[in-house]
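Let me begin by handing over the structure; questions about it come next.
Chain lettering (A, B, C, D and E) follows the sequence in which the chains are written, and residue indices restart at 1 in each chain.
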Amino acid sequence: MQIARVCGTVVSTQKLDSMRGLKLLVLQPIDDDGQPLPHYEVAADLVGAGTGEWVLVSRGSAARVESGREQCPIDALAIGIIDTVSVENRQLYNKKDQY
Amino acid sequence: MQIARVCGTVVSTQKLDSMRGLKLLVLQPIDDDGQPLPHYEVAADLVGAGTGEWVLVSRGSAARVESGREQCPIDALAIGIIDTVSVENRQLYNKKDQY
Amino acid sequence: MQIARVCGTVVSTQKLDSMRGLKLLVLQPIDDDGQPLPHYEVAADLVGAGTGEWVLVSRGSAARVESGREQCPIDALAIGIIDTVSVENRQLYNKKDQY
Amino acid sequence: MQIARVCGTVVSTQKLDSMRGLKLLVLQPIDDDGQPLPHYEVAADLVGAGTGEWVLVSRGSAARVESGREQCPIDALAIGIIDTVSVENRQLYNKKDQY
Amino acid sequence: MQIARVCGTVVSTQKLDSMRGLKLLVLQPIDDDGQPLPHYEVAADLVGAGTGEWVLVSRGSAARVESGREQCPIDALAIGIIDTVSVENRQLYNKKDQY
């Protein structure tokens, strides 16, 4: 999985029927200093993540294993909102510090 | 998923039978300034996207989950035409501005 | 899918039984100027592509969806020989110009 | 698979139900000199790996083939703690030397 | 698939049960001059490849399609030992020249 920061949303009305009702997040992967990389990816959201939050993103067929999502043509899914990332005994990120 | 701009088409007549009737788009991924990257990918199109439009592209087995496409050997699919991409409270892209 | 140029072949006699009888192409992906990149990939061939031709390559489980190929451990397949690639109202490639 | 060093952990409380109870490791891939690369990935842990240990990481649907994990939306899994990595008749890594 | 040179082995005793008995190779992908790249990957071996040999490596779910390997959490497999790689009417590699 990747650690990524939610930085926006994508809206698409002309799309496959199986995509209806899915919220689509724009994400930036996080580098080893905790900074967002200048690169966008899009993931479906089932955890209610908001802009500025860090999420855990799973890619590939993992995005479709949830019951009822098998026919949905997505290849990335936010599977959790991150509370803390700890690296070498320090905290790279703590959600509480952000708010 | 990736945000990409439709920049062309590919025509292939000598191909696997399961590929018959599929429209193939040439795409350029979009960078964080909204500019197309100098790199081409090809995706099948089921949403009727035209040159210049931005689309959402799903890769891997996601391209084959639609009913009737399970035996089609594609690894990328345009799953939606993008209306807007919003990043950090500004619009990176609005389809209306393009026309 | 990727656009790639066929540049050679690989021969392997000591291999998994499920690989018997498969022709293996060496490919170079094509950059945005239509030039082959200095990087090799190998794909199985079911369309009879020859050196110098441009092919459409599908990767991942897509390579095994054809009936009878489900147990074949390949992760890339040439699925079509390309006739033309059109980008921004010009032809990046036309097979007829090559011969 | 990739060789990676365990460098931390991720905690997420607001997540998909299928993710409950899974320990999440922060990993750094190892370069050809045996040094961790400045790049983080996250993998689920079923082998009890601790910080500083080297692990073998499998990605993609491989992370979900274990019985009972088919519905868990993970795309990376630590599948073994590494004892030794031998390259060209020398040891790049020996777990015993670390402790 | 990728062309890679076998350069070593990985030993792991504390691992998932489904990994028991599998030989794990350390591989270096080959560049377009036939030189090994400074980058390691690990693949399971079912063809009996030894150090210095060139192998064909398949990645992703392809590594698990062999009968009896469906539950084995590997994402890369050496599927053949390479005899020759021919590119543009020259031989990039001939196994006979190595011994």
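Note that contacts are C-beta pairs under 8 Å (C-beta built on N, C-alpha and C of every residue); 3 or more make two chains touch, one makes a residue touch a chain.
Everything quoted here is computed from the prediction, not taken from an experiment.
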## Note on the structure
A correct list of chains touching both chain B and chain E reads C
### Message
Measuring centre to centre with CA averages, how many angstrom lie between chain C and chain E?
### Response
20
### Task
Could you grab the centroid distance between chain A and chain E? Build each centroid from C-alpha atoms only and quote it in angstrom.
33
### Query
Where does chain A touch two or more other chains at once, residue-wise?
60-61, 63
### Task
Classify the chain contact graph as line, ring, star, complete or other.
ring
## Note on the structure
Ordered round the ring starting at chain A and going to chain B, the chains are A, B, C, E, D
### Contacting residues of chain B [partner chain A, same complex]
1-3, 30-32, 46-48, 56, 58-63, 65-67, 77, 79-89, 92
### Message
For a test of understanding, state which residues of chain B touch chain C in their complex under the given definition.
### Response
7-16, 18-19, 24, 26, 28, 38-43, 51, 60-61, 63-64, 70-76
